[in-house]
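In the two complexes that follow, chain A is the common piece, with chain B as its partner first and chain C second.
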Partner chain A sequence: MKKKIIRILAIVLIPTACLYFLQLLFMPKYVSDINEGSMIEEYYKSSKNHEVLILGDCEVYENISPVTMWEEYGITSYIRGSSEQLIWQSYYLLEDTLKYETPKVVVLNVLAMQQSEAKSEAYNRMTLDGMRWSFSKLNSIKESMTEEESIISYVFPFLRYHSRWSELTSDDIKYMFNKPNVTTNGYLMQVGVRPMTVAPQEVPLKNYQFSERNYNYLDKIRQLCEEKGIKLVLMKAPSMYPYWYERWDTQIKEYEDKYNLLYLNMIEQSEKIGIDYTTDTFDYGQHLNVDGAEKLSKYLGKILKDKYDLADYRNNQEYQKTWDTLTEQYHREKENKLKEWENIQ
Partner chain B sequence: MLFTSLKFVAFVIAVLFLYYAVPKKFQWVLLLCANLFFYIQAGIYGLVFILVTIATTYISALSICKEQENIKRLFEKYKDILTKEDKKMYKAKSKRTQKLYMILCLIVNIGILAVLKYTNFFILNFTNMKPVNFILPMGISFYTFQSMGYLIDVYRGTVKAERNPARFALFISFFPQLVQGPINRWKELSSTLFSYHTFSWKVIQSGVERVIWGYFKKLVIADRAMIGLAVITSDNVKYSGAYALLGMLLYAVELYADFTGGIDVTIGIAEMFGIKLAENFKRPFFSKSIAEYWRRWHITLCAWFKDYLFYPISMSKWMNKLSKAVKKKCGNAIGSRLPVYISSIVVWFVTGLWHGASWNFIVWGLLNCAVMLISQELEPVYEKVENRLHYRRFRYYKVFEILRTTFIVCSLQMLDYYYNISDAFRMYISIFTTANYGYVLKTGMWNIGLKVQDYAVLILGVLIIFIVSMLQRKRQIRKSLDSRPFFVRFIIFLLLFLAIASFGIYGIGYESSQFIYNQF
Partner chain C sequence: MKRKSFAAMCIMTACFAMTACGNSSQNTTAGGVNNESQIENGSKYVFETSGYSVKVNAKISECLEKLGEPKGGTYEVKSCAFDGMDKFYYYGAYTIQGYQKDNEDLVYSVTFMDDTVKTPEGVRLGDSKDKMTSAYGSSFNQDGEQYIYTSGNTKLIFVLKNDVIENIIYELNQ
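Let's look at the complex of A and B:
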């Protein structure tokens, strides 16, 4: 009998353990390249006592620097951003974050309002794989899946990534169990300057109306914030591409008025912010570089601080240690990256 | 429900669990329900056709059987009154009635198969009409042949007709064998299908091992080879010469691994239910002639054609008469060969047609037939040369024979995957006339969707199959594995399982393909 039990345990446990380790090996690590895939899971390693939570796509994680907001105003913030983050993904990320902390303010970038369908499995994966298992993750998967995807491949990512066996690198072994952070509180730093030389042109669209589905999720975000006593701020980051249409802006303004929210169109305020698109962008106006991000963060931080009376935690010992470490890392990373950029030049 | 899908694996596990949980007398009923569910998953449309086949075959077989019993009873009852002539007359009359039942049933079922599978072939080749959009019910070629085999066996009196329609329905529709065979006989299958089966870890383990081996062949080898072959066959102008040779090799590997893998999965699943299915392969690529190859490849289909088509034609009265007549006119040599020649040509024509509704397959079948008949005719010549040179005693001659057979088989298989006969022949000739071997070796073969790692997996996979086949020649490999300690067996199959999980062609980025023989 004892022998039988050992055999059964071996049959169940050994293959499961092997598959688990193979899964760890095959999962993309997103450390040396495509860092965007690492961002969502990094949050769980953070201190989880943030007053500002920023949600959205690359227009937040490449345009806003939490360290600058800390250095300038003592604001504690975290960006839960991911590539092509869809509006329902933002909602479920908010739901997920609220399991760990309740910020005072949520800043939501509204560019995703114009996209009502998930376009790519790769982007889905970068947002969803990193989430910890919960109903929020499950619902987000269900809502996001493209036709070719299946829930089972999210439950067992091995089924999705086994094909990477032929492209494994040393990173896959090195970061199998532990990965370094690639962002500073969700901010993915970009240095270098690639100036915007051509102003974006408006290309007429067939339909400018945001979808009902997206409005539903925007409502859900607003209602959840209200329920938790969180102030919701809508923002359009000062990215010049993709083009932000007047009619899109109007719809957001109407929503702002209807629910008495704050909407910040940072494109309109780019002059006030001091953004110079010949020096503050690293990819021709699509995203800001670190200089641009710091300018925007100072501007945004001031608004949030003034309007929502956020506390200055710079002299609070509970926060100091964490933020000092983050600040140090941030400046070291900036210095290194700038050196690298200069070497390339 | 694809055999390679997780849904199918879950389905098998669920059915297995219930099978051993219900009282033993209901085990076969549960299997029948599972078959129904499995078939409905493929579309309710197909269900109608399989039900028609089941119903017509059941009724016909039962009618034949009743007729046989009636005549027996009659002879028994009036054994003192009936003269020999009376008996002969009644017997002939009864046989005629039985034949009528059988032929009507054959017409209906072969008619269904013919209409669904060959209407478009007929329309495209012999009319100006537009093709019709028929959906081929899952496994129609297999279940039609299995049911017709049963009917003929009942007619011949070698088996008794099953009286319970549900039990007969299970025989025809047993889900693991439904989609790609093997084509089983009632005599062998019924005893194991309806007997009571007690749960045993050993049985489950043995079945799982066979299933893993099958999936390894299918997902790691066959579907990988298919990627390269799909590129090669996509452009006949670009991919000729060395590419065509590479394609030929890839197809041989793909077809073998796909079909034998599929049968391993089928037999393994049945084994888990305690049901023994007929074997369908016996190391076909170790054959020394084409005739031997066809005794080792798709054994149950070849045996079906032999028993239900070849012998009935070659040993029929009219054939006998024809043979005698030809003997008189053209001599013994031709007259005695005629039955074999005509029967072989018919069988291989039908075999080709069974494999696909296209001239490619018909030509493929007839060429196989031609090779076999020619080699049969040349045998006396070989004997003479052998008597003089004694070349057959050389050990490597056998290797030469195996390689020669493999080359002929692979050459003929080109008709399977090129769209038309001229393309197949053109590509075959290009192997010998297009001098692009250097380029393909250096660059071309790495640009057909297969990386160096894929070739490594393919070569390793083929090597494993080869080693296993070599071992099988000397001993029953599964029996000798059984005698090994548990952990040795466990590690072997764990490695195979992990190889499937890691190197298998499934999931996003790979097209999960169905088994090639599912399409027949």
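Let's look at the complex of A and C:
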């Protein structure tokens, strides 16, 4: 009888373990390339005592530096950003984050309001695969999936990635169990300078109206923040592309007025912030480089600190060690990347 | 008995792997998800300017050769995380948007920017719905304020507000 039980266990456990390890091996690692795929899961390794949580797409993780907000004001912040993060994905990431901590302020970038369907599986994967399993992840998958995707491939990513066998590299073995951070509290640093010489123009669209679906999720974000006593700030980052249409801006302003929120259109304030699109962008105005991100972070940090009376934790020993490490890493990374950039010039 | 157990394990693993192999339509990496559309060639809807027909899916290099460099400049940006560029060619009265397919820049859309240009059928921004239907008929698909005429690889889209044409777009029919 004992032998039978052992045999049955072996029949179940050995293949399960094999498949688990194969899954770890075959999942894309996003370390040496397409770092954006690593960002969502990195959060779980952080200290989880942040007063400011920032949600959104590349307009947050490329444009805001939490270390600068710490150095200038002692604000503790984390960016849970991901490429083309859709508004419902922001909602489920908020739900997910609230399982670990309750920030005082949530900053939500509003560019995603103009996109009401997931464009591709590739972007979905970068937001969803990195989330820990929970109903938040499951619901986000259900809401995000394109026609070609299936839930089972998210539950067992090996089903999706098994055909990577011919593309496996040493990274896939090296980072099977542990991956280095590619961001500093969610900020993905870029140091290059590629000036914006031609500004993107206002090319008319077929439809400017934000979808009901997106408004529903914006409502859910607002309501969840209200329930938890969190202040919600809407922000449009000072990225010049995709073009931010006045009719989109009006809809956000109306929402701001209706619910008495704070909306910061940083494009309108880019001069005040001091952004120079000939020096502060690494991709012709679409995203800021580290100089631009530091300018925006100083500006945003001051507003958040003044308006929401955020504490200055710089002299608090509980926070100092973590943030000293982050700050040191950040400056080392900046120095190294600047050297690399100079070398390729 | 041991052989039976071993065989059972092999069958389980193989079944799982075979299930995995079943979906061959998906690409191998998250970055390489297919976005191919079934593109037919040609359409009766073509924008004409300076004696040249700007066809959706035509090579951008050919357009630039015929139309000259855009006087409003060109704006190019890389997509957020993956390869591929969004490109806009600003010709003043109209804008051509390009996309990349098989390493080639092709025309994705032509959007009217003002009323100094018109379609070959004589419709321009500010015209009435009646003018649109007398030029193109009533075989359109309506999606809210959009009136969409489709032919081959091109959608000709009119956006109307209070029965006045606010926007005209020739776009790739994906």
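Following the convention adopted for this analysis, the second predicted complex is superposed on the first by the 345 of 345 C-alpha atoms of A that agree within 3 Å, B and C clash if a C-alpha of one lies under 4 Å from a C-alpha of the other, contacts with A are read in each partner's own complex, and residues count from 1 in each chain.
Here, a residue touches a chain if its C-beta (ideal position, glycine included) is under 8 Å from a C-beta of that chain, and two chains touch if they have at least 3 such contacts.
Here the structure is a predicted model, which means the values were calculated and not measured.
Of the two partner chains placed by the overlay, chain B and chain C both lie in contact with A:121.
The partner that reaches more residues of chain A, of the two candidates chain B and chain C, is C.
In the superposition on chain A, A:57 makes contact with chain C only, not with chain B. Contact with both chain B and chain C is seen for A:14 once the two complexes are overlaid on the shared chain. Contacts of A:158 after superposition: both chain B and chain C are touched. Legend: residue contacts after superposition of the two complexes on their common chain; A:198 is shown touching chain C, with no touch to chain B. Residue contacts after overlaying the shared chain place A:274 against neither chain B nor chain C. Under the contact criterion defined above, the residues of chain A that touch both chain B in one complex and chain C in the other are 7, 10-11, 14-15, 18-19, 121, 148, 153, 158-160, 162-163, 166.
Partner chain C is touched in their complex by these residues of chain A: 7, 10-11, 14-15, 18-19, 28, 34, 36-37, 57-58, 83-84, 120-123, 125-126, 129, 148, 150, 153, 158-164, 166-167, 197-201, 203-207, 209, 241, 283-286. Against chain A, the residues of chain C that register as touching in their complex are 1, 5, 8-9, 12-13, 16-17, 19-21, 23, 25-26, 28-33, 35, 72-78, 80-82, 86, 88, 90, 95, 97, 111-113, 144-146, 157, 159, 166-167, 169.
Looking at the complex, you find that chain B touches chain A at residues 6, 201, 451, 453-454, 486-487, 490, 494, 497-498, 501-504, 506-510. By the touch criterion given at the top, residues 4, 7, 10-11, 14-15, 18-19, 22, 26, 121, 148-149, 152-153, 158-160, 162-163, 165-166 of chain A touch chain B in their complex.
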